[in-house]
Each structure stands twice: as C-alpha cells, then as structure tokens.
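A, B and C label the chains in the order they appear, each numbered from 1.
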Amino acid sequence: MATDKSNIQLITNGILNENPIFRLVLSMCPAVGISTTVMNGIMLGVAVLFVQVFSSVTISIFKNVIHPRIRIPTYTLTIATWVTVIDLLLAAYLPEAYGKMGIFVKLIVAFAIITMRLEMFACKESVQASFWDGIGMGLGFMFGMMAIGFVRELLGMGTLLGYDILGFQPLLFFVLHCAGFFVVGLMMAFFNYVEIIYKKTKQGA
Amino acid sequence: MKDIFTIIIRLTLACIMAGLVMGTTYIFTSNAKKHNEHVNEQKAMYGLLGYGPANQAPDSMVLHAFYRYIVSHDDLLHLGYLVPLQDKGFSFVTIDLDGNFVAARQVDITGKEAIEEEARHQAIAAVLDEEATIRYADKTIVATNDGRRQAYLLPGAFPGFKTFIHVMLALDPHFTVLGLEVMEHEEDPGLGGEIEKDYFKNQFTGKPYEVLKHLDVTKTPLPDDYRRALEADRTGMSADDVRVIQEQYKDKDIYALTGATISSRAVTNGAKAIVKKFAYRLGILDKVLAQENIAVPF
Amino acid sequence: MKNIMLRQIIIILLLCGLPGLTQAADLIADKSFGDDNEIIVTFSQAVDMEAAINPANYTVYEEPDPDIRLSVEAVSVADDLMSASLRFREPLNTSQPHVVAIANLSPDPEVVTTFTVAKPYIGYLLGILVSALLINNFVFTKYLGLCVFFGTSKRKDTAKGMGFTFTIVIVVSAIMSWFFYQFILKPFDLNFLQIVIFIGLVSLTVQAVDTILRKVNPDLFNAFGVYLVLVIANCVIIAVPLILADNEYNFFETFMLSLGAGGGFLLALYLMSSVRERIELANVPPTFKGVPIAFIVAGQFALAFLGFSGMQLF
C-alpha cells in the first residue's frame, strides 16, 4: 500500500493540514514550556526533526521484520535510541543551547506525535515516503515552535533571535512561563478565525 | 506459542542494534563533550579577566588550578590541597582544622590528567594511607602574569530559587570582585533568570572585600545612571565613565531584581560565602606553603 | 480514602526515618535550630554550669566546611542545667547540617561530646511532596504532560480515573527506576542509557498493571484500563525518573517526589475538568470553542499557581 501523495504534498501536509502543534494538538509541553525565544524553537525543532526522520526511516526499513506483537516496544526502543543520540550530540557540541532546553530534549521520547507517525505512516509506507513525511512533521513542529517563539520573544523582550528589534520591552508577561498557555490558545483561536472566514468566503463565492 | 522464539530473537537483535548505535555515539561524543566543557570554562575565565577574541590574553598569563579535598582518617578531618609544584608534578598538602601543616606528599599526575576528577582521585588515593577517604570539595584557579598573581577565579554553586546556580567569581589579589559570571541556572525566564543579565551580575564588579563581607540586597529600584554603566556593552558608555559610576556605587548593596528577590538574595549570599571562605582558606594555605618551602608557580 | 492511605504512609515513614536521625551522644537528649542564629541543646542530665556556659568550649561548623568555625557569641544555660541555647554572631544556614562539639562537658575530660544538628528530615520529605504537588506542579509550573492533560480533562470522571491510574503507575515506575539507576546505571557508568531504561521500565509497569488488574479486579480494569495506554504518552512519567537521577534522591525522596507528581497531576486534572464541564454550558465565541478556551483557562490556572512559588513550609 503506497501513498499517492508526492513528496511536496507530504511535507506541506505536515506543516499545514496536520500541523502537530496547532492541528493535532500534540507535543504541547515544549510549545508552552520553552517557546520563550525563536532560537529555542529552532533548536528543539531540529532535535524533533532529527528524531522523527531517523525513527520513521528506521521503522520503514525494518517494517517487514518487526513482529506485529512487539510493534509498540520496538517503536519505543527506536525512538529512545535516536533521542539518546541527539541528546548526546547536543550535550557535546552545543552545550549552551542544550542547557536552555534542559529536560525537554530527553522528553522527546514521550512525544505522542512521533509514535503516532510511526504507527500510522512509517510502518506501511516506503522508505522514501516515510522520510518525506518525517521531514514534513518535523518542520511542522519546528514552524509551530518558531511561530510561538516569535510572538513571545517580540512581545516579551522586544527582540528577535537575540537582536534588538523594538528597543524596549513591551510586556514582560509574555516571557513568563504561564503566558505560553495564553499565546498558544490565542494563536489557535486566530487560526480558527482565519479558517471560518475562509470557509464563509468560499461559500459566498 | 511458537512465535515466542522469533519474538525473543527479533527483540534481542533490535536491542543489540540500538545498543550499538548508542554506544558508538557515546564513545564519540564523550571526549568532545569534556573538551568543549573545558574550552567553555576557559573562555568564561578569560572573559572575567577582561580578555576576549578582540583582546587576547598575553602569553605571560598562565592559569594554575589547585584543588581542595576533605580527608577523613580515623575520625580526624583534614583539609587536603592538591597544588601544582614549581618544577613538575603536584603535591598533596594536608592541613589540620586549626590551620597547621600535617604532611606534603608528592602526587604522580600531570597537569592535563589533573583536570579529570576521576584521575585526580585515584592519584591522590594512591599516596594516602589505605583507610583514609577523600572527598572533593572545590577548585580554585590562580591567574598569574610573569609569575605574579593577577586574579583568583572561583567556581562555585549554591541553591537558588529553583535549583542550583553555578557561578564563577573573579577576584583580584586583594579579594576585590573583578566580575561574576552565571554559568548555569534554571531560574524562571523574565524573573529570576535575569541574574545572568549584565545589569544584575555586573553590580558585583568592583566591590571591595570589606563591602562584600557585609553585602546585602536592597529592594529600591536600580538608579538609571548605574544601570547605563552596568550595561556599558549595550549603551556604549566609555570605560572611564563606567569606572566613575562604579566607584560611586561601590559601597551600596545589590539592587534586587524586580519580582525575584529570592534569586537576587541567593546570588548575593552565595557569592559572599564563597569569597569569605576562600579568603580565610587562602591565608592559611599561603602561610603553610611559605612555612614548608613548597614552591608553587603562583 | 486517599487521605487515610496518605496518612498511613506518612506515619510509616516517620517510624522508619526517625530512629536513624536521633542517634547522638548519650548526654544529648535533643537538639534543634531555634531562631535564625540559635541552636538549642537539651541535655539528658544536669550538666556542669561552668563548662556549659563557656563559649570557648563549643566548636560549631557546617558539615561540608569543617575548617570554618562559626563563632559562638554567647551561651545561656537554663536554671535546671538541662538545656543550653547557643547564640551565633551571624544567621545560620539551616539548610546545612551543623556539627557541634562541646569540650569538658562529660565527666571524662578526654571525651568531646559531638553531635549533628539538622532540620528534621521528615519536614524535608514533606517539603518535596508539597513542592511537587503545588509549588512545582508538573502541569501548571513545569508544563509537562499537557497532551494527556488536555485530552482527558473534559469530564470529571475521566479526570479522576486518569489521575489515579497515573499516580499508581508513576509511583511504581519511579521506584523501579530508582533501583535501576542506583544499582546498575551509576555503578557501571551507563548513564547515557537513562532514557532507554526509564521508558522501558514505564512500559513494563504499564503492562504489568494492565495484566494484574485484568486478572485481580476486572471491574476496576473496565473503569481504568483505557487510561493505562495513555499513561505512557505523558512526559511527566519520564521526567520524574530523570529528575530523581539528576538530584541523586534517596529512596524516600523518590517516593515523595513521585507521589507528589502523581497527586499534582490528579489535582490539575480535577480542577481543569470542573471548569471545562461548566464551559460547555457557557456561550463561548466560535473561534475559541474547544481547545483554545481550554488553553486560556489553563493559563489562568498557571498564573494562580505562580502564587505558590516561594512558599516555604518546612
């Protein structure tokens, strides 16, 4: 059973239609917890992208060898392995960024989004399709994180990627942890609003 | 039931493969991690002494580290210092709690090996009595220029609001603070997390030992001119102006961060305790080293 | 029901924990921190006034810094010669255990009476529990386990079911993780395998609870079985072993942390579900219906929980 979608469609699917954060409402913890700056979003996004792509490909390669009764343990093992790898790599080569992300890199192992993609996609599709689907999901997560980080960093500290944009601090509130809930909630509402307007104009036309 | 063997075999294979991947990564990254940690620490140290990429430290500048241990033997507690020697190698100098010299033992370890806690521990244990146990306490780095002491660098940690705050303090030979760097912390961003910002940590710069001993935290707002001086990197204030303002605020307490008095107080008290203990111990160590004619490079 | 169980656990812990802590020299009946610069010592028999009142006979230091003596400014001895209060020049750092040595106190002049003064351990344990429950609530101040939190907080019944199942699994798996960490990972320098081992243990616990519950109490299984699968997708369950490995917690501390984490999750779920049941009846703008309004509510809870920060009970 092969997917009839092209590579591009697989990627955009991950970013737009099935965006892990805003559409599937999965992997919310880092979206609230450490999305205080754009940089954090990019870093964790890269880590998730790495784990998602490598796990998808691994499972896809070995899909015929995996016994159906030990499917879930194998997925968990695969994800845990790749999380360990990226955790060690980040700790060794990017210690500063790693320090900021803290425990969240290790927690990628419990992200529902990765297991879900393995179960729903990688165990059925070809290696190539799984690869692109992994990229799409990873990028979707990264864009979600960056979008939240963008709002919070700009409104909270007046900077973007550490560069001073506004020259003053508009509202410290947005940097506080609990503001993550408000930002995500408001952004979701905004996307819903856009969708409602879009549907209305379509019907009207 | 017949499936059980294939399941076991496949799961074992999967585990072995996973183990191989993780093991290889671990072997490759562990050395790089240690190296990078060391490099970062060095960078922070030179940064505190005012050197950076634009302003390279002179070649005559050398950093010497010595390590403090607590030695317990037959219910007796001693302090042990692993100090580098002038000519070569290290010496493990033990001092009793009243500050009197007990013994000095030659330790067979090179400067490079001494960076690693494990190697250090083994080398010291080899020269001590078998029943004695040692516990690592802290390390101090002495920066010398042409053999003369320029500064002391003290890494330390103390409990903050959330978890431990790791800092590095730089002192001049008269224990006046040259700078404070926050190495690691998990305080809340926007509140306690501001301790790593210039306008907080630079407040410590220039505080003399006499002031530092009784340093406290005040909740009055940070004056504007002082803030501009503290953020000189951003505001572009000239070094001379900064010095004038620093001099003016030298005897003042630390201005607490808004909404994070606990974190501010933790850093202030932590730094105070580190410096006080260090000043006391260094006096004893220097006295003992001079008395016993142990030639150290600092 | 839960309260009684909790109380029993605490009493058992008290019984286990206290005897090890009250060991001191025979002469000392009790000792504790008084004001912030005071240590109070109670003797088991009347002592020599001359010896007890002389500050020079006392040596006091913080356990990690044996060479730095704290200067005793004055000692006041009670009239019945049964207790003494030591005043220090500077406030004590009560988070550290203090070692006190008194010379010339016992009849044998050679013997120096030495004992350690520390905050009561049980208070520290309860501090960990309350901290995990409220101050550092995993959902509202550490932002973990949100996927499951938003998924299962629509109904009060679901919330309770999920919360209880989760608490049981996390306590069992955290204790197993502690054993693995202390006796396998640490001695053999295998710390880089933490993630794999901990997630493996969680899966194992979930599977075991599933099987046992199915056989022993099918009614309970019908009620809570569905939540077992969700437990594994909850970051808190993997965060707790990681935190306890980081902080080098001992067995009791591990137990308290996991209990607090589970209880905190239950509390968060219950609060949230109570609000969400009411929101369903309210007139919410269409763009905010469903998840967005849940996020806003959670944000308000998080703001409220921010008020607990800095609270120090013990």
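General remarks:
Following the convention adopted for this analysis, contacts are C-beta pairs under 8 Å (C-beta built on N, C-alpha and C of every residue); 3 or more make two chains touch, one makes a residue touch a chain.
Note that the structure is predicted; figures quoted are calculated from it, not measured.
If the chains shown are joined wherever they touch, the resulting network links each chain directly to all the rest. Looking at B-C alongside A-B, one finds more C-beta pairs in contact between the chains of A-B. Each chain gets a centre from the mean of its Cα atoms; for chain A and chain C, those two points are 33 Å apart.
With centres taken as mean Cα positions, chain C sits 29 Å from chain B.
Between chain A and chain B, the centres computed from C-alpha atoms are 37 Å apart.
Shown for chain A are the residues in touch with two or more other chains, namely 73, 77, 80-81, 84, 88, 176-177. Counting partner chains per residue, chain B shows two or more touched chains at residues 18, 22, 26. Multi-chain contact residues, meaning those touching two or more other chains, occur in chain C at positions 192-193, 196. Of all residues in chain A, only 36, 65-67, 69-70, 73-74, 77-78, 80-81, 84-85, 88-89, 91-93, 95-96, 99, 102, 156, 172, 175-177 touch chain B in the complex they form.
Of all residues in chain A, only 25-29, 32-33, 72-73, 76-77, 80-81, 83-84, 87-88, 103, 106-107, 109-112, 115, 176-182, 184-186, 188-190, 192-193, 196 touch chain C in the complex they form.
On the side of chain B, the complex with chain A involves touching residues 3, 6-7, 10-11, 14-15, 18, 21-22, 25-26, 29-30, 32-33, 36-37, 40, 184, 186, 188-191. Interface residues of chain C facing chain A in the complex, by the touch rule stated above, are 140-147, 150, 192-196, 199-200, 203, 232-235, 237-239, 242-243, 285-289, 291-296, 298-299, 302-303, 305-306.
Of all residues in chain C, those touching chain B in their complex are 64-68, 93, 95, 136, 192-193, 196, 309-310.
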